[in-house]
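Once you scroll down, you'll see the structures, which are given as structure tokens.
First subunit A sits with subunit B, and in the next complex the same chain sits with subunit C.
Take a look at the complex of A and B:
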């Protein structure tokens, strides 16, 4: 009896799990399928799921009209660059807040997060003027800077939560053995927090990759990442879903593949905490 | 160790970034444009321009319409100088020209021939007699209908229909069992979506957005008549879910044979008659925008234009390009490569006098009639303090139009009555206009 209940509940949970997984994945699958349709079938009602004339025409069109690799390399530089600089700044900050907190630590953390609460467009014009005067418009270095600052609060918060779970006693023991501050962070804290750091890093690369306000507004052509590549395929007069889907598929493919390869770290970091 | 690696990585990433960014050349024109068929075609033909002007390089930035608008507005308002040529609508041109954001186009090529531009379009992009942008393609609105369905239903649509005739025909053409709907009209909220159609419709009923002292007029009987007519007609003869249909959704419905009548931008005619995309290509008839009791055919006029922002340092080269892209020779270039049906319409009288174009585009005459009938300085029969046909050319209109559009879209969806929607529109417009200092 007991055995059959377990089997049954296993089956139920598996079905639920697959259903939820499929629902979450469905928009991406649909985009993928649409990218192989003609513009007419893409918007047809009732929608056609698998049995349509598959065509590579959209990919051909998108390839011939845009320089995908330019946008792709911009996206890589911007997302990886901003994440690495962000981590370099956030690890010491999170260490300080996690292991030598003061009365005000919680307030500082809250204040950092509060910068995320303002709508981005509210600071668009001031920032645009600064960028113009410093010659940073349409440069990758400018975008790396902005995205670092925008994602910094999230990086600090995530790292702070992971560091909090590491017992302070381990660090104390290292200090008793005569480890310097630098050694303590590099040899004791960081290795223990690797899953946490890895998942923070991956999540931030994804966030920076998908960021579509600043990357569109502060770039023109030289530094324009994949977000602009996608934005160029939507049309007010004329059907565009199939070409837009092809562009979107090409834009999300790299990050999707990266996500698949690193999902072990991502899940471990996001669910189990740092020291398990 | 890891920190050092991270730091090193970060520094090298920065170095790569700054190195790559420093490469740029002297005479490159950056052109911002929208992803419409005619613009894409222009992009493909630019070899012809660069061959004639080897010292000028072109860099295209294509963006979705709303992103483009936000992007170029930020740049031009701050004199950011990121673009040398911008694709802008007839809504922006007069507002931006008055702000001093656009350079007057006085360096165009000798054979540009300003007098060949359609007068209505030329006026829409001129301020104080000076041209501030050069029209690339223009449009008005008209009725497109299925000749076969009209015949089957035993109705005829005259060349100058009234709204009552349209409603009668639409109801007779509707056959919900075969998913054939008599009429498809825009319902999706937005100043350039449903409000373009509804402002033009209201104009044709004699309604106006504001009186001479900028007081909103949604509490007047003309607006009620227009909106009630639209909602009732769409409920009876429109497709389901019409409140989320814009230009593209209606285009898809019409070209798959699900609409009897579609009233929209004239540029749609070249899509629905394209046999590669449209199932009804050889069955489309045309008529002028309907009238609703007053002699006014909607006054819909739009053009996408190329303008030069005041922040550019390459104004001379920019005007050279604009001359190339918008003169008569360009239409001949397109015709020689892609056929006359693909020439950008609605800007020059000479195109409509061309017999080859008339043959390739059966909708040419009615398009020209619709565009000549439009008068953006007198959009409706009552006096108004603003210009613009299917929009009001004030900076506040983007926000206002969309907010009012949401009320009207809700009325169409049935979550609000026509009266409630009009009251909502009146209240929010009064509030915004008072805040903007228009109502003293």
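Take a look at the complex of A and C:
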């Protein structure tokens, strides 16, 4: 009796769950499908769902017409670059906070968090002017710098919560055995911290890849990452839905896959450890 | 002795991150504050002068400011309403055992990883287009007149897009919180004859309250600065119906080149965000002590 109700409820929830999942995922699926249509089929009514002549033409066109991979590589350089520099700054800082905390550690952490709360638009004007005067507008270096600083608090926080879970006794034991600080970090701390560092890195690449305030305001063409490139499709110069879809699919696919791999660590990173 | 040495090392290791963040926070903010007291327009170089609070007076008495403030609140409030209620319902469903649970979970969190310009354009064109969009086709299928989303319901359309992006975030966090609920407690309540609804109200909801607060506060911080979605869909229009505070400041700074006015607006935005941040930081700080 009890068993049959559980099976029945399992079937019901399977139907409900999959329906919801399908509906929420649908816009992404639809973009993916449309990217294989011709422009004519893309705007056809009634819409063509699966049975149309699949073509790869759009992917080819997006590249040859607008040099898609320039923007793609800009996105890669900006997101990976800012994450790596961020890690280089944050690993020592988080290490110090987790293993030799002082009375002020908590205040420093909270202060770092508070910088993240500052709305970007509050510093848009001076930053734009600084970028203009220093010739940083539309350069990858400028954007790497800004995104590093924007995400630095999150990187420090995530690493801090991971490092805190590493038992300090192990480090002390290594110290007793005469390991130097350098050795302690390289041979003892790093291997234990790698999973945490990896998921921090993943989440930050995602955040930097999708950042769409500074990338839109500080770039125009040369350093424009995919956010800016896709935004250029908003101009009403006709309906290029198939090409928009192809460009979008390539823009979101790598990050979506990374996101799926990092989903377990996501909650901790996005709530600053407030929900685990 | 060793501790003294470690402490010094610790300070050295922290300093690059702390100093850079400090400069990042303080330099532009001081500049914004300084500009906000100047008459400063990039189109009229050489006319900069100190004008006291005049920029604030213009900005805060501009009817556009109140419209933008109202729009910001509607956008934040509407999105929160959809994502929190939707997130609780979704989390309750995803918490039940069913076939393919893991895959559905992946499908549900996917929108969070889509860059804002992509999701806004995909929704605007392929779903909400009044003639060729999918929604228009569905409406005609049932014999209704298709809605011209961005002309008739511009703000609602943007809320829908933003809510689609943030629903996964709310769901994921609430689901995580839900899964930490003690199974025995649930069973005990069930044994005592508590129905599903009273179990939800007296057991599940109180357990979720912290997570709900976190979702509301963090989302508010991000939703206060929604920008890309407006830029690529409505450009703040029709009129200024979908102009929020960030977009208003952006127009003033980069389209009208009014550095002084935009800076005053920026300071106002910082103050507004700080009100929310104050509560969020206290909440997270409390958690750090445990």
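The rule we apply is simple: the second predicted complex is superposed on the first by the 182 of 276 C-alpha atoms of A that agree within 3 Å, B and C clash if a C-alpha of one lies under 4 Å from a C-alpha of the other, contacts with A are read in each partner's own complex, and residues count from 1 in each chain.
One rule holds in what follows: contacts are C-beta pairs under 8 Å (C-beta built on N, C-alpha and C of every residue); 3 or more make two chains touch, one makes a residue touch a chain.
Not measured: the values here are computed from a predicted model.
Looking at the shared chain after the overlay, A:256 reaches subunit C, while subunit B stays out of its contact range. By the touch criterion stated above, A:222 is placed in contact with subunit B alone, subunit C being left untouched.
Once the two complexes are overlaid on the shared chain, A:233 sits against subunit B and subunit C alike.
Between subunit B and subunit C, C touches the greater number of residues of subunit A.
By the touch criterion defined above, A:7 lies against neither subunit B nor subunit C after alignment on the C-alpha atoms of chain A. Contacts of A:63 after superposition on the shared chain: neither subunit B nor subunit C is touched. In the superposition on chain A, A:43 makes contact with both subunit B and subunit C. Shared-chain residue A:124: touches subunit B and subunit C both. Look at A:180: by the touch rule set out above, it reaches neither subunit B nor subunit C. Residues 43-44, 124-125, 128-129, 216-217, 228, 231, 233-234, 239 of subunit A touch subunit B in one complex and subunit C in the other. For subunit A in complex with subunit B, the residues that touch the partner chain are 39-40, 43-44, 65, 77-78, 80-81, 84-85, 87-88, 91, 124-125, 128-129, 132, 137-141, 144, 185-187, 190-191, 194, 197, 216-217, 220-224, 228, 231-240.
Per the touch definition, subunit B reaches subunit A in the complex via residues 1-4, 6-7, 9-10, 13-14, 16-18, 20-21, 24, 30, 32, 34-37, 40, 43, 59-65, 67, 70-71, 74-75, 77-83, 192, 247-249, 251-252, 255-256, 265, 267-268, 271, 277.
Of all the residues in subunit A, the ones that touch subunit C in their complex are 9-11, 13-14, 16-18, 20-22, 24-25, 27-28, 30-31, 34, 42-47, 89-90, 92-93, 95-97, 99-100, 102, 106, 108-110, 112-130, 149, 152-153, 156, 175, 181, 206, 209-210, 212-213, 216-217, 226-228, 230-231, 233-234, 239, 241, 244-245, 248, 251-252, 255-256, 258-260, 263, 266-267, 270-276.
For subunit C in complex with subunit A, the touching residues are 2-3, 6-7, 9-11, 13-14, 16-18, 20-21, 24-25, 27-29, 31-32, 35, 90, 93-94, 96-101, 103-119, 121-127, 131-132, 134, 136-137, 164, 167-169, 172-173, 176-177, 180, 210-211, 214, 218, 221, 224-225, 227-228, 231-233, 245-246, 249-250, 253-254, 259, 262-263, 265-267, 269-270, 272-274, 276-277, 280-281, 283-285, 287-289.
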